Amino acid sequence: MNENNDYNFAFLDEVSKREIRRAIIKAIAIPGYQVPFGSRELPIGRGWGTGGIQITLSIIGPNDVLKVIDQGSDDSVNAVSIKKFVHECTGVEITTDTEKADVIQSRHRIPEEKLTEGQVLVLQVPMPEPLRYVERSELKARKMHADSEYSAAWLLLYEQIMRYGKITMGAAYPVMVDDRYVMSPSPIPRYDTLKLDDADCLYLFGAGREKMIYAVPPHTRVVPLDFEDYKFEIEETEGRACSICGATGVFFDEIFDAESGERYFQCSDSGFCGKNAERNKSNATSNECK
Amino acid sequence: MQQVMNVNELTVRYGDGCVYCIDSDKSLDKNRCPKCKTVWAVRNVSFSLYHSEVLGVVGESGSGKSTLMKTLYFDREATSGQTFLNAYEDGKTNIFSVSSQQQRAIRNNLLGMVYQNPLLGLLMDFSNGGNIAQKLIAAGHRNVSAMQSRTFELLEHMEISVNRVKEPPKNFSGGMQQRVQISKAIANNPPVLLLDEVTTGLDLSVQAKVLDLIRMVQKKFNISIIVVSHDLAVIRMLSDRTIVMLDGQIVEHGFTDQILEDPQHPFTQTLVHSLI
Amino acid sequence: MAYVAVKGGQDAIESSVELLKLSRSDGSAVLEIDAIINRAKQLIDRIMCEAGFYAPEYAAIAFKQSEGSLEEAVFLMRAYRSTLSQTHTSLTIDCKNMRLSRRISSAFKDIPLGQILGASYDYTHRLLNFRLRDEDEGELRSFREQYFSSIGGEEVDMRAERVSDLLKKENLMVAYEPDDTEPMDITKNKLMFPASRSARLQTLFRADTGFVSGVSYAGLRGYGFMAHPTIGELRSGHVEVEIKYILDENESMVLGEIFFTEVESFVSSHKSSEQELDELEIDVGYGLAFGRAETKAIAMSILDCALNYPTPNSPPNDEEFVLLHGEALEMSGFISHLKLPHYVTYQSKLDNIRKTRKANETAEKKG
Amino acid sequence: MLNINNLSKTFTMHVGNRETINCLDSVSLSVEPGQMLAVIGPSGKGKSSLLKCVYGTYLTTSGNIYYTDKNNVTHDLANMNLQDMRLLRVNEIGYVSQFFHVIPRIAAIEILCEPLINRGIGRAEAVKRAESLLEMVGIPESLWNMYPSTFSGGEKQRLNIIYGIITKPRLVLLDEPTASLDPNSKTRVLELIKELKSQGSIILGVFHDYNAMKVVADKSYNIVTKQMELVS
């Protein structure tokens, strides 16, 4: 239950939460369109996930189960801090198990386990504007969105091809949503980008500092921008396996052993990794019994 | 001669206008209404542009000629009037009446623009090749190799070494930047090319080079051009017909040789007599 | 295992918070709230101004809680403010009715009612006063008593017309139509461009003092289109805040007074048109701040005016530049977020670097 | 045929001395295909103005200039829409001006090819014709690919003439075609004019040089106080 009685349930006052929910509904109605909203100040720094937190606070109910991850990890400092904050002002149950969560707030990752109908993934967005690097004026960029004038977005990729012979866009790879809006999927790795297409779950994106909310509703067509002769590519996973759970074909963190200087890999999604390791162990034990 | 563009009673004004100045016969204080101070940057301008023709627009600064060009390229909003492009819906639809999305499409596919200020036409931090490709991308091209070979072709036309394709235009001199702008403007073979004071401020020899290239492009691709300049020498070299603008209005229109040799309007006479 | 160590986890965070408390408990004296409010006025005013939240006591608590970090104190105030629902909107406050403590004009030698210097550091030499090391409270009290008895008990109630009102009567000022459109509330809406003037002034009011001063200083030095402005009037004093009386809409009730500094700077301008220069007029920039934050108020008035004249490649005249980058919480938040782990994004970047290297190597081998 | 009827031309000067100059007053004359009409007289009397009125470089103040084109359609060149006039200029009218306004930085041969290409003639064909004409008027081959701005006065004049008639225009306007030419070149140019006549062109020429004129003209007028007087 609400453990800090000086504040309203979910911190924000009800009017503010309703306003944010309206922005969310508009965002769902127009997939990929950035809806401006009156971003509220939170006890957590702008740039530290306040867009995501405001969405989470506005949609969460007392019976929901919340999971918060940062860079795939449940224990990362900021994930812990956000979890603690939401828990203190709502009392909701916190989990690290993707399958059990109703609302998952994440920074820079989409969990490995496929999200299902009814689940909401809230992504924190530092820079919502995919055109910003070509057009620094917000007014002009918004006009370009209105007119579907996206040559600037492709130009960014074209320049990379000219310079490096391939598209070098890393995370936050721009996507075309529902054949209408070009959207920044937040700095998720390219590996995760394809999970946005025709998903069963709802994706909500919140940029607190830039005051924008946008959404990819379930079963929306999401296509990464690319060219006929230079296709979108995901990060290399081949020949790698997690040093903890042995998983292959997932997104890895690259780790250097401080003593040996050796390089090895671990699942970036810590919740998934824990579960997988557990499963392997019990399989091993049951095998032993046989 | 086949018409490619028709501009009909185009007006661009800043201010609401009043009973007095709405009447286009009423005289203004320069281009400003003496009563309500509305500025009539372009007032009831009508003309046609024909296939493979170069139409000159001459006038002093503040005469509205640049505003006219920017309005035709949708950089400014027309207050009233129509413009028809033959290449757009057979010239049956006023291009100012369509959605801004459609206007972007018209701009990307059917028009080319070269601004006096290259900052308006080029992204200075992107490569020359990228700048040209942007126009191709905007027109829907998605094949990098095809776009690159088209870019090389255009740079060759403009006599720019393809070795400089990766350089940004900010490293270029003014004349070279204009050549990149021209390459970009003609990338999609638009039926109409708009040139706004393209050689103003350039050294004479550089100016000559740019004008020669424009002439070459015009002959090679039979493109119709509207060229705005305050410089009669530029107009004489490029244009077949010339429009003279004064305080937002057209005061004279005719063959360029006629405008130069037998100017009728007092302003045109002054202008011609000022020619060095 | 250095890279995973960033995953601090719950325990590490709790230890960090504890260390904060430890840091705050250094020394031997407790910071009294009353002392902060009354003896650190300018600081409190600045916190409240940048927080856009007039609550001296909360500001003092925030100051105390944040070990005197301005940035943190503003942050605490903002975060608390956003949990409050807005129940009333005050009537427009009008600094014309200000009970003046200070009022000067650089544009005129003499103005009706004269120049009132008031309390200002402008006329002091900035010499460190070592006697304050051991200040005697009794001495201070007797100074106050003596001062008030010398002026006959209480301060004089001085009110005066604005200097600009005098110029307006002569038609020398740019004529702006009174604009009664409902002001936009920047705490509830995203700032969109072109921004309304109400949004502009609210944003500048809350903007970081250092940012506003720095950008307007850049404008004055020539980074921008801005002639040297003249302070038409700077006035400081108390202004009443009123709300409509709930039982009778035609009546109002006074909630209290707030100390403001208001600045109008005058800048010569020509009517913006495609014409060449014709008549010169005087344009006005408006600045307002809580308390005696005069530099902030002047800087704000300069930027307000500068934004009327958009000029390419000139940051002080670019509304998106000025209004989007002075927000204290946003700038500190975004800068500090760089401390968060970024290894996933970085991994993606590394992948690209490796792939391009590999491609180049194969190309070289082939070549 | 070309039929000029009561043509008047007045210049109204709005700048300088602000006077009105009456240049041509009710001039009437007509020329048949295959015929050459010459106007002679001292300079400054309006001979060139007559040609410029026909070509549209001067706006006619009053009167008509009837011209029947190759499709047997008669136009009034004095009151004609610019696009139709432009078509006639490209396809039917050749104008040899008194002072050749060279297009800068373009080689002589390219200048000559342009009017042919504008008429839709292939480049190879155009080059062939240009070369034969250059040869005929005696411009040395070494100059063909040079900019005409480097040419001597006589060379420029010869280039000017062949530029005006290279398309074998139906209506030829010649402004002092033989001025500043050496006797040899003059003969060649007069040969060219004869050839045009034999092809049925209507030729209106302005001459300073009475002897040259006599060789090619069928009719000649003397310009006297803004009017024309038939000489022969």
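By letter and in written order, the chains are A, B, C and D; residue numbering begins at 1 in each of them.
The rule is simple: contacts are C-beta pairs under 8 Å (C-beta built on N, C-alpha and C of every residue); 3 or more make two chains touch, one makes a residue touch a chain.
These numbers come from a predicted model, not from an experiment.
For the pair chain B and chain D, there is no chain touching both partners. Compared on C-beta pairs in contact, A-C and A-B come out with A-C as the pair having more. Each chain gets a centre from its C-alpha atoms; the one nearest the centre of all protein C-alpha atoms is B.
Between chain B and chain C the centroid-to-centroid distance comes to 46 Å (mean Cα coordinates, whole Å). Averaged C-alpha coordinates put the centre of chain A at 78 Å from the centre of chain D. Separation between the centroids of chain A and chain C, computed from CA atoms only, is 35 Å. Our note on geometry: chain A versus chain B, Cα centroid distance of 46 Å, whole angstroms.
Chain contact summary for the complex, chain B toward chain A: residues 100-101, 103-104, 108, 123, 126-127, 129-130, 133-135, 137-138, 142-145, 147-148, 165-166. Listing the residues of chain C that touch chain A in their complex gives 1-4, 6-10, 12-13, 75-76, 78-79, 81-85, 185-194, 320, 324, 329-330, 332-337, 340-345, 347-352, 354-356, 359-360, 363.
Residues 1, 50, 53, 208, 212, 219, 237, 240-241, 254-255, 257-258, 261-262, 264-266, 269-270, 273 of chain B touch chain D in their complex. In the complex of the two chains, the chain A residues touching chain C come out as 7-8, 11-16, 19, 36-43, 45-48, 50, 70-73, 75-78, 80-81, 84, 107-109, 126, 136-139, 164-166, 168-172, 187-191, 209, 211-212, 235-236, 251-258, 266, 268, 270.
Within the complex, the chain D residues that touch chain B are 11-16, 52, 56-59, 82-83, 85-87, 103-106, 114, 117.
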